[in-house]
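Each structure below appears as structure tokens.
Next, two complexes with chain A in common: one pairs it with chain B, the other with chain C.
Moving on to the complex of A and B:
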């Protein structure tokens, strides 16, 4: 028998994730003095794309067709690992390694599918994506290692449940550093400003968007949907580090977490409204600083 | 035979007989000497002769003395290219070669610029290629992701680094110059208004100055003032739009979203003058077609003030945001020396610290009476080009306010006589992109035999290509926007 509490996180991620894009767009519209698109626009877009046919270039192979499915499947499995409440569907000692590598698998397929098209634009996007994620991934791993050290548990569900107000009181600086690193990783991994501009039409400047230029119809819907879930998951990671909701009663902690995830979308919208993109050549500096923050946190964690 | 250049002022004419015609070697020698002394090529074009030869006419701009120096040479089939010594002749000689099938010998990169031959396919040509296993080639356009005009860009890259950019245009070629032969015709004015749609006032004004010079027409003072207001409004609208577009390219939301609307406010002011947001049919040979009613002046002024206040806020957002400045600083560098060699004009040249502005150097029309400060900046990068635009927004607003204070009474239009026969005239206007140069030669019946239009983009496209060298390819859109050149103005 499936426990509702266990499948709640994947359900919430799959149902609510596209809402995050809607919130970000509305916040940006507010700052620009516009009314903005409907909050549920991403859902309409997904529905529209799912009802369309897909166009495939003759230069592409099965890799290009498999990529959207693999990406969505990978990110849904990660949604079963990263917990919103006390438990999740998949939880075992060392599950965070699986989560990070599933995200890696998603990226791998996106990159080789982009290379599969043979387009120079997509090749450039793939090269940028690989370069930047190579720098972001260690920061993410180190951040998670700090959590594991502080809570003495190797499973994400357990680790996050152990982030209690007491842990915050005694390791405030360490957790803040991890949270700061996670904010940067969230922006970088989800192709947001200041690393990438999700709204630009300029192929030469894109990172993530340019890799999916050739995808259309349901394939593109899968990719958009996977991207939304990925943003949701990174937001959940950040929320669970920042808020000691583990000690709250079950449903209350879930409600607080969801609210906080939506607030993070607002935060992302504010960042995008207030600053310009970094020059591409300076993006690694930002990612290095995320890694530096995480390493500093690790040093603090081991000193205790 | 004349032994010195024909000297012409902006908006003046002379007998075609006074145009010196030298042997080729003397022509080359004298032009080279002038360029070394600081003159630049404002226009260089061919004019077919009845005997099958082509008369090449050189219009040199002497910015310091504020005069144009003209000379000509008759050539058949081939002539010695100036480009190796004078890089700014590059594009002009390619144009001459394409239009008249005469070969500039020694030209380093001779190929069509517009592909106007019957059976040539636009953009299908050999591009400069860098060989090497680490080099990759990126082709962009002619169809672009945004709603812009068609043009093809071919990058030779080493990773993210651009080694060379070649720009191939011609997709917008409509044959305007050819259609202008025989003017003034009923249609000529409409052709010239659409030579570059965003510079309607600039091009129309240059053309009208030509006809007024050729017809010895005295334009009323009121018309000069109204034309000045329209020209500066065009500059305000486009510079504002450019600041917004620059912000948009770097993903900076506030300025990007405000400037689009404010640009519309300036365009609406032009519409208040003449009923068209781009100033179509406002400037007419002999004056202006519409007048600014006294009762409209206060509202006009109030709306100008409101729009200026808004653009000040939007621009200040740019200069006060560190992430914006770090993006603009040092992007798309183009040295002052290169700027001189390539003969750049307009804000692109002024951002390299070159004080080149037709409103000052070749003052005509209202600018004979009112001076506008030449806005320069010497950082030579995208920031410079953005900041010069901001300075010009301030200067243009101040000028319009000044002009609105006292608009001379009287008619805004004068009768225009037919052009005189066998004359040559030069007219330049500082459009918002830079120097617009129109040259015309009339035949024995007083019809314009050859009308040469040089849009500022014609000078500046090469500047963009050179500015991209050793830059990041991801900076190209930003760099491109900082020049914001016209495709149709180039292709004509």
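Moving on to the complex of A and C:
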């Protein structure tokens, strides 16, 4: 028998994730003094794309067609792992390794699909994506290892529900360092502004956007949707580190987490309005600092 | 609790000092480090009037006087950034946590007099010391060497606060005076070096002027 509270969490991710893009766009519009798109614009976009047909280049193979489906499937499974509230649908000891590697699988398929098109621009984007995620992934893993160490539990649900106000009081510094590392990873992994500008369509500076230039119709909808869910999931990770919602009763924790995730979208919007994109050469430096913060947190965590 | 927060601040400022290529930002962060350290003895020791005088002097010197001297030197030299140090900034940033782990290991085997107020004090003081050394050997611009020296001094100071319970005020003031004169003289020396050689890169100082 599937528990309603468990199944609600991936459903919330799948239903509300595109809203995050809407919120980010509205915040950016507010800062620029515009009115901006409707909040639900990304839902309309997805609907429009799903109703179109896809165009495939004759140089592509099955890899290119499989990639959007694999990406979406992988990210939906991750949505079943990363818990909003107490326990998610999939939860076992060591589940965070599966979650991170599923995200890795998603990235791998994006990259080989981009290479499959044979376009040199897409190859460039793929190479950048791989280079940056190579630096971001260890930081993410180390951050999760710190959580595992602090709460001495290997499953995400258990680790996050052990982040109580008491743990915050005694390990405030460690958790803050992990949270800071996660913020940088969130921005880098989801191709947000200090790393990549989702609005520019200038191939020479893009990372994520350039890899999906050849996708159209439902394929592109799948990729956009997968990207939205990915942003949602990284925000959930950050929220669960920052807020000790684990000690709240059942539904309250879920609702508080969802509100906090939406607030994180506002935060991302503010960051995007206030900052310029970093030069590509500087991006590894930012990711190195995320890794350094995570390792510092690990050292602090092993102290006691 | 407060000591721990200052120690974390110290660690973070060390990391920033390791990772920044802008000399002015580095001066500011070292000044901030000095100020937060200046408050440390007030938290770890029972209150005494001479302690307060010392803390105020320390904060003024490290937070106001040194940055002013160094920024003035910076203006005279017109050198704002270090482009290629011996050790790249990303690599220095990654080296930081490992050095911290190393100093933790060292401090765990160091025989110390009992009763140190926080378990983080000694390792972080050692870490600050090592970061100071690292800045001195890994950067080329002479201003970074001065900053490394200041970070080193901060580390020694933190170590002193942790270990020596009640150093006489006179000795502490003597050390402060030494550091002050050191920074002052180094500022003047750098000005003369740059006037003579048109640069302050220490790696090029060993070659004769052509």
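Just so we're on the same page, the second predicted complex is superposed on the first by the 304 of 304 C-alpha atoms of A that agree within 3 Å, B and C clash if a C-alpha of one lies under 4 Å from a C-alpha of the other, contacts with A are read in each partner's own complex, and residues count from 1 in each chain.
Just so we're on the same page, a contact is a pair of C-beta atoms (placed from the backbone, for glycine too) under 8 Å apart; a residue touches a chain by one contact, two chains touch by 3 or more.
Quantities reported herein were computed from a predicted structural model and do not represent experimental measurements.
Superposition of the two structures on chain A leaves chain B and chain C fitting side by side, clash-free.
An angle of 80 degrees, to the nearest 10, separates chain B from chain C at the C-alpha centre of chain A in the overlay.
By the document's definition of touching, neither partner reaches A:240: not chain B, not chain C. Touch criterion met: A:277 reaches chain B, while chain C stays clear of it. In the superposed pair of complexes, A:171 makes contact with neither chain B nor chain C. Judged by the touch definition given at the top, the superposed model places A:149 against neither chain B nor chain C. Ranking chain B and chain C by residues of chain A touched puts B first. Judged by the touch definition given at the top, the superposed model places A:107 against neither chain B nor chain C. When the two structures are aligned on the shared chain, A:208 is found in touch with neither chain B nor chain C. Nearest C-alpha atoms belonging to chain B and chain C sit 11 Å apart in the superposition, given in whole angstrom. Across the complex, chain A is touched by residues 136-140, 145-146, 159-160, 247, 249-254, 256-258, 321, 323-324, 326-327, 331, 472-478 of chain B. Residues 172-173, 284-285, 288-289, 291-293, 295-296, 298-300, 303-304 of chain A are the ones touching chain C in the complex.
Remark: chain C residues 4-5, 8, 11, 15, 19, 89-91, 93-94, 96-98, 100-101, 104, 119-120, 123 touch chain A in the complex. Considering their complex, residues 28, 31-34, 120-121, 123-124, 127-128, 193-194, 197, 199-205, 272-282 of chain A touch chain B.
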